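Take a look at these structures.
Two complexes, one shared chain (chain A), two partners (chain B, chain C).
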Partner chain A sequence: MSGMTAWLIQRVSAVYLAGFLVYFLVTLMICTPKSYADWHAWITSGVMSLAMTFFFLALFSHAWVGIRDVLLDYVKPFTLRLTLLVILASGLAFMALWVIRILLAGGSV
Partner chain B sequence: MKDKKPDTRPVNLNLLSIRQPVTAIASIAHRISGVLLFISIPFVIWLLDRSLQSPQGYAQVISLLDNGLVKLFALLIAWSVAHHLFAGIRFLLLDIDIGIDLETARKSAMIVNALGVVGVLFAMVIIL
Partner chain C sequence: MRFSIYRYNPETDNKPYMQDFEVVVNAGMMLRDALLNIKEQDESFTFRHSCGEGVCGSDALNINGTNGLACITPISPLKEPVEVRPLPGRPVIRDLVVDMTQFYHQYRSVKPYLIVHDPEPEEEYRQSPEEREKLDGLYECILCGCCSTACPSFWWNPDKFRGPAALLQSYRFIADSRDQATAQRLEELEGPYRLFRCHTIMNCTNVCPKELNPTKAIGEIKKIMLKNNT
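== the complex of A and B ==
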């Protein structure tokens, strides 16, 4: 990923993450789910499932660019740097699959 | 240069001995909070997974907050979210040349650093 693409991904995902986070926290506070049924209905609703899918897509892209930048700044030896980047990518891929399973189990994606 | 005078310029590599500008503190804290948030992702996904699986799982997630250590971590995450969000917005504005002059940048950095603490206080009111 070139510098310019990474820079852009970081900012576009940041805007979505900020918007979603504010919506999520405010909703959680003003109409707090009172039970499992409330919570489950909210999170697995069609619109929310879609919003959550975009949230995690943005989150994983944002985390990839951010942690990649941190690794490139502080880890200089090539082999170690490459190993850590591979671990990072694998970890993010694993978490993405996990999230997909959760959202599919919700039944509305 | 032929005659090499001994280099007497001050060298100070111990960052802790330098009083950092407020903008530098906002910046490094943005990075630290980002790493903390990254580390918290698998735990948050686990909480989401558990909370949606069954009413028992939901109850388990809610009762986790009774634990003092969990509360402490929750406050750390609250600081990370608040600081990362507000410092992030500040950086986005700086990107489009808003608040770019030194005095405004210093002020906004101070505000952002304070908002991180406000986030913790806010979380304290809710979970303690």
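== the complex of A and C ==
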């Protein structure tokens, strides 16, 4: 990934993460869902589930760029760096798949 | 006043060590004056210096943990003993003298000169006062190396990351209305290392003895790159 693309992904995802988290927490505080059904209805509503999907997309790409930066800075030996990058990528991909499964399951209940 | 000075002579010492000196100070004394006094006490001690007024950039040193020019650093506010070390991250040649080859190599690779493809004007290159103003805060750099050697990204990747000093100069020519190689300059800085190892730590801006702002220049380069890409 080129420097510019990585940097742009990091910036854009950061803005989205900050915005979404503020909205999410403030909403939770102001109109706290009274029951599981309320909570479920809020989370699975069209806009919210889309925003949630974007949140996790932004979270994983932000984590990828950030940790990749740390590895590029500090880990010099090529094989070690490649191994760590592969572990990172598979870890993030695994979590992403898990999240997709949860979101899909949540929507279908 | 007490001074603790980094000493290392690769011909006789196995390891660097700190040596203490006592200097009688007077009002208005700069660190360079104290170092000259120390050199009188021990002639084997060496450090680079030349103009003595913050113009040549020769006596960049690590003073009580912060990079700066010895000739314009007043000693009265310094905490005792004043610890003077060579610029961090650079190979030590002897005592406070370091090898700056890599730093100059990075400087050279940003092509720090005007590149003009059109035929040269008969008389002179014209520039409006507004265009000239854009170079303020960029052209004043004296290449002392305080910024790049204070930058953690430059410590970890001095062979690949251009470093704040070279990037400030790169922007100095990108911002110059007379230069015609902006696209080439930006392309050369692409990739994850040359420009994008900068994590906006801002040590460079903190230590610059000429009060320049390499972090801002790097941000401007990124902005122009973004504009050109979209």
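As a working rule, the second predicted complex is superposed on the first by the 107 of 109 C-alpha atoms of A that agree within 3 Å, B and C clash if a C-alpha of one lies under 4 Å from a C-alpha of the other, contacts with A are read in each partner's own complex, and residues count from 1 in each chain.
Please note the rule applied: a residue touches a chain if its C-beta (ideal position, glycine included) is under 8 Å from a C-beta of that chain, and two chains touch if they have at least 3 such contacts.
The model shown is predicted, which means the values in this text are computed figures rather than measured ones.
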Partner chain in contact with A:63 - chain B first, chain C second, else both or neither: first
Touched partner set for A:31, first chain B, second chain C, both or neither: neither
Touching partner for A:39 - first (chain B), second (chain C), both, neither: first
Touching partner for A:105 - first (chain B), second (chain C), both, neither: first
Contacts of A:3 with chain B and chain C, given as first, second, both or neither: second
Touched partner set for A:74, first chain B, second chain C, both or neither: second
Which of chain B and chain C A:87 touches, first, second, both or neither: neither
Chain B versus chain C, judged by how many residues of chain A each one touches: B
Overlap of chain C and chain B interfaces on chain A (superposed complexes): none
Of chain C, residues touching chain A in the complex: 152-153, 156-157, 189-197, 199, 222, 225-226, 229
List of chain A residues in touch with chain B within their complex: 11, 14-15, 18, 21, 35-36, 39-40, 43-44, 59, 63, 66-67, 70, 95, 98-99, 102, 105-106
Interface residues, chain A side, partner chain C - complex: 1-4, 6-8, 69, 72-74
List of chain B residues in touch with chain A within their complex: 31, 34-35, 38, 41-42, 45, 48-49, 51-55, 58-59, 81, 85, 88-89, 92, 95
